[in-house]
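Shared chain: chain A. Partners: chain B in the first complex, chain C in the second.
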Partner chain A sequence: MEKVHHRSFLRVTKKDEASLPVKALVIAIAIFCALLVSALFIFFVTKLDPISVYVSMFKGAFGTKRRAWITIRDACLLLLISLSLAPAFRMRFWNCGAEGQILLGGLSTAALMIYFGNKVPTPLLLLVMMIASMLSGAIWAFLPAYFKAKYDTNETLFTLMMNYVGIQLIEFFVDFWDKKQSHSVGIINMNGQGGWFPPVFGQQYTLNILIVLVVTVFIYVYMKYSKHGYEGAVVGESVATAKYAGINVPKVIRNNVLLSGAISGLAGFVEVSGISHTISNNTAGGRGFTAIIVCWLAKFNPFAMALISLFIVFLSKGAAQISSDFGLNEFASQIITGIILFFILSSDFFNNYKVSFNHNRKEGR
Partner chain B sequence: MSVSQIISWCVAAITFGTVIMYGCIGETINQKAGDLNLGVPGVMQIGGIAALAAAFLYERAVTSLNPVLSMLIALLACLIASALAGLLFAFLTVTLKVNQNVTGLTLTIFGTGIANFFGGSMMKLSGGVGTISVARTANIFRMKLPFLFGKFGAFGSIVFSHGWMVYLALILAFAIQYFLDKTRVGLNLRSVGENPATADAAGINVTRYKYLASIIGSAICGLGGLFYVMDYIQGSWANDSTIEALGWLAVALVIFTSWKPKNATWGAYLFGLCYWAYIYIPGSVSKFLAEKLNLSKATYMQNLYKMLPYLVTIVVLCAVSRKKKRENQAPASLGLSYFREER
Partner chain C sequence: MSEIAVSMRGITKRFGRKVLANNHVDLDVYKGEILSLLGENGSGKTTLMNMLAGIYSPDEGEILINDQKVEITSPKDAYDLGIGMVHQHFKLIDVFTALENILIGLPAKEAEKKCRAEVEQICQKYGFDLDLDKKIYEMSVSEKETLEIVKTLYRGASILILDEPTAVLTPQEITKLFTILRNMKDDGKSIVIITHKLNEVMEISDRISVLRKGENVGTVLKTETNEQQLTEMMVGEKITLDIARDFVEEKHKRLEVKNLTVKNIDGKNVVDDISFDLYSGEILGIAGISGSGQKELLEAIMGLQKCEEGSSVIYNSTAHGVHELVGLSTKEIISHGLHLAFVPEDRLGMGLVGNMGMTDNVMLKRYRKGSGPFLHRKMPHDTAVKIKDELEVVTPDLEYPVRRLSGGNVQKILVGREINNKPTVLMTAYAVRGLDINTSYAIYNLLNEQKKKGVAVIYVGEDLDVLLALSDRIMVLCAGKMNGMLDGRTASKEEVGYLMTHLKEEA
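Right after this comes the complex of A and B.
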């Protein structure tokens, strides 16, 4: 090849990881730019004043006490799913199957609610549902994990396909349980509220928040201090190193992914028993995918996950409010979320790399 | 099963297969450059909605429709929009070195948002009511082959009863296969995906190859979206996320074909047959199973039959990974960003 490398005008070099204040500043700038771009989008599509739109967004998320609680509730759910992905992702096991695992957890919860609700005391039923949902989430994760560990099967696609198998299973059971042939199970146990999360301390969602708090602390400790969590990190860095260090790689993969699936299943339990009290193929609602990005952005740090989850839920609640206020379609929120995620993802570049101008362009490298 | 049923099953499978064939060809180009773009469902939707929007605006602007022009406008809009999506992916993953999986998934979220937002509210934004429809443009895309349609009996009914994009997909699959196997540029592209550092040392501009592969690959994926909008759902929009499922199946098809677009020419149709099997499984079978499972309606069984394409994909994935044939593996550097100073 006769062509010599064209030396570019800008030069990118790696630098030491940025300090915390710098990182915070970079993210703040990224969010500001994202809001600016979203504002342009809002303005050009709707001709609305973006400032009043953002005010309306804030009202949508925190405007009333009820709305604030719902925002917190949904942020907790997203956080729970993000937490569930951490053990898998740290091994570079791309679990894109949280959707399916949530659905299966929700399915077993709904089944128990339907068959035993109002017959078995609710605390006992809640305990059984919790265990069942974790088991079913873990089962849904087990197959991809087993094949990944044994034959290095592509887990991204395997887990994605398991989502669709899960969706069809839900569709099947919805038809099976639906007495009115309306392809919906409706609100389960509307009378008697068997198997619903009871209000604790006068708040409807206390139990949701408690569960998520416990899991947050658990995952933090697990990832940071447990032997298994540590082994997962080693496998993620380098499988060769892990093998050399005598780590049983297939076993570590299986166990970490099983844990991941179990917590996703638990999220299905929280959603069905603690929030919607119904089951449909929309129970997971794309959260399994959003959580992937939350988990990645947070670099597996549970507390960063909490902040990001809250931020994303705030955005989507706000955007939903705009949609209803200004008569837009609810998917506007997904666009704004996408734009913001693109910016935050890109911003990480400035934490790890330095860009400088190439002055001596004639000189060789 | 009667002959006419078999014919309609095959026709439906070919229509379905064409959507994912475009997606598969585009994604193969991406992956051959070492970029695992999980944004295929998003890119397809962006391409589809761009075509739909362009055709919609054109149909509203003129009273008498110029068929060739309306088709070209839709095509051009689709190619530009999906190429831009590819450019965005390349900018993030190649220049800013963001993780490819995460970028791809974000692209899917973003594309789904864009498409469903405009698909659902374009009528309203432009002052109309009801759902969007571009039947006139869609009919041009769906025009059957002249001279051949309606001849050669059952074979002709299966093979010649489609719009031109079905045949374009086949030609494209073989052309890209030839490009990857036999041309200099194609070999360079593959070397970028196998080992970018070596390719770089050999004087190949890795960045440029990755960018172009992402842009062209995404444009081809976008054609899948256009075909879905114009042919599969006949010039309208549906917020039912079917196209998202098709996008994932297109990514799965890349592995099924072991990164060889020529295999997509039959693999895609096979997926199509699996996808539509639920309609053509005989009623007596469903009835028997429904009685065994104590279902009130035999049609409930269809929910389970619909798992078929996904189950088949899973089985294929496992089988392929078990065999581990050398020529059927993914490009060695798939999914990794390349930074010259890190080698």
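Right after this comes the complex of A and C.
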């Protein structure tokens, strides 16, 4: 037979899952490679000194006390939204509607601030706003969950569409509350700060951090030690197994998605009452989607989510800093964060697969 | 003997660091012979043959076809070399006809008409019975098998590999297949059959190569061996192949199934007016071609299927009194404390949660126990330890995801959990499918033990030899109907096989 069969040059084989130290090493190598490739990009395309760019990046996130606090504050918010997705995602309910749920939570918070701010004592108002925001987030999540449980509709499309309804609702109320035709509600209760998070222990964002901390622990315990969390895990793994175990699948879907929506709504409350003190269609700002990446990367582990949230916020703060420090346009700095994320995301491949070269084994023939 | 068609030399294949699927295997296949590749599940038979078929490529070793060294890197390479493989899971497209499936992947210039003529010629030559215009979804398993073989022959295969071809066929269909295989052999084709059924090996093959743990432990001529020797080669130790069948005197009616009917999503009766009684201290075997309603019957009893009007299942237990099960949900059956145990066919897809460990799986039906919103893992943990020790489950630890364990260990966990709860009725579906010989016998023993304890056992099986050896009574299902109830001690294999495929006329 004349035919020559060539072997491919690279061989990819599946291997056993890597141990924790190996995984850490893989990530470290990925970050190193990312920095190296970004350095080449910075040097050849923007003609800047990579080291000083990296230094400015770090300074952007942690350079001053204020910046550090803002980084932590934003990381907490992102973590809160990521946590909200976990109960839904673990059931394989792809909740892409965190954006809308945040907006609705923010909307009811803003409404309460506008109508009751400076009239009702702030602690009481905060409590009411918290409950209201969670309820409205849950309602926004309930519709897709109900139809999924009852008619097995596609939750991805449904939750996405709910986002747009949410945005339109915000647009309507912004114009409704806007007295100056400025197409914005401005800072709510600038005087008196009714319904704002008060500083605790002399720190502006203590309350934000406390809320997120409580939710983190709650989600961890809920997923690992509660009967409801266990039901969700079984449903996510196999609906047939869940039915076999006598689990009421529609009810479990509904409850977990309600929880998911409620925490997203809570994130809206933290954003409006604890950070921006205003409402606009930019209140969620795409965090509902970034959170999907966080939740997925962390494989639903709340503590891993915390680290990843911090890292992603660090990157975005750093990117903003380098664009202002070096007069780069925003796209250049986004390319750098893109490179870093790409390397880290793709490094997971090496945890599961082994790549080797094919020697054509000519020896010994 | 005649010339060598295929020669595999020192073939090694690894998956990951821990799995050594084939370890320096040498294997020869002659022209005009039927070689059986015998071995337990996981002994590397399919992996070895997949390397001939171009699905995998070996890490080490070489393959010679007709004395030429070759590299087979894709199924196309394999076809070019005249190697065709029929996989255990058929690679056919449901909505296409038989002829269209044969033409898939071939150059468009192969005209349909010419192909049809050639295929018909092949069928005639070897005695295949095939309707070329039938759609795959209308075909029986046996027809699909035939089509797969014809497909490889049409593509010019002179070396044919069949992976577990008889696994889903009735005795009559197997006889037919073997006749065809003999015709092909007489035509000079080389045939490799991957199997673990000893009686078939003894019937059809010329030579037998036995694989154990990825190694070729020997090749023997059929005329010079027997089933006992082959088993010892497969397992590596002496084992007895007898299944015990004790007679339990004391019998109580445990289930009274009356006019049970279940419709599928298309409104067709998948379980069609079935009535039978089940007694304590007996094993009721259920025979039938797969998909004859076995799954739905058991699920209906467990409250997992909606039963039609007029269906009735009376559960009668000394401890819990009399209950009508139709209309109860699975949750209600569990929470009323009715001791119905169920080992479903799809172990990881229905009986267990693959990503969870032993403890969490043992908890599956009883996680609601205990007050408060939190799980109580102490009891399930102790039970898991008990199951692990008593049934010799091999797992690194109790939290290790069960999906990563071998099929035998997975089944031991599932069966262990179900019998731990002291069932009144124990229903099992294909309880030994895919398990090695030792584990299979361990499962038979467990079922027999339960029977002796007075449990009413249902055993849905596919291996008729086992069904006939194990069951006190055998119920034969055909197209969702009960087509006969036989005495397990007197029934013959042919009788059961006939009832599986020939629906009795309505009286």
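To be clear about the criterion, the second predicted complex is superposed on the first by the 317 of 365 C-alpha atoms of A that agree within 3 Å, B and C clash if a C-alpha of one lies under 4 Å from a C-alpha of the other, contacts with A are read in each partner's own complex, and residues count from 1 in each chain.
By definition in this document, contacts are C-beta pairs under 8 Å (C-beta built on N, C-alpha and C of every residue); 3 or more make two chains touch, one makes a residue touch a chain.
Bear in mind the structure is a predicted one, so any value in this text is a computation, not a measurement.
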Which superposed partner A:T13 touches (first chain B, second chain C, both, neither): both
First (chain B), second (chain C), both or neither touched by A:F342: first
Which of chain B and chain C A:Y244 touches, first, second, both or neither: second
Which of chain B and chain C A:T206 touches, first, second, both or neither: neither
Which superposed partner A:S333 touches (first chain B, second chain C, both, neither): first
Per-residue touch tally on chain A - higher for chain B or for chain C: B
Partner chain(s) touched by A:I292 [first = chain B, second = chain C, both, neither]: first
Chain C-contacting residues of chain A that also contact chain B: 1, 3, 5-6, 13-14
List of chain A residues in touch with chain C within their complex: 1, 3, 5-8, 13-16, 225-228, 230-231, 233-234, 237-238, 240-241, 243-248, 354
Residue numbers on chain C that touch chain A, as the complex places them: 14-18, 57, 65, 68, 70-73, 77, 80-81, 302, 304, 329-335, 342, 344, 346, 348-356, 360, 363-365, 367-368, 373-375
Sites on chain B touched by chain A in the complex: 36, 38, 88, 92, 96-99, 101-103, 105-114, 116-117, 120-121, 124-125, 202-205, 239, 245, 248, 251-252, 255, 295-297, 300, 303-304, 306-307, 310-311, 313-314, 317-318, 321-322, 324, 330, 339, 341-342
Complex interface listing, chain A residues touching chain B: 1, 3-6, 12-14, 45-46, 94, 96, 143, 147, 151-154, 156-158, 160-162, 164-165, 168-169, 171-172, 175-176, 181, 286, 289-290, 292-293, 296, 327-329, 331-339, 341-342, 345-346, 348-349, 352-353
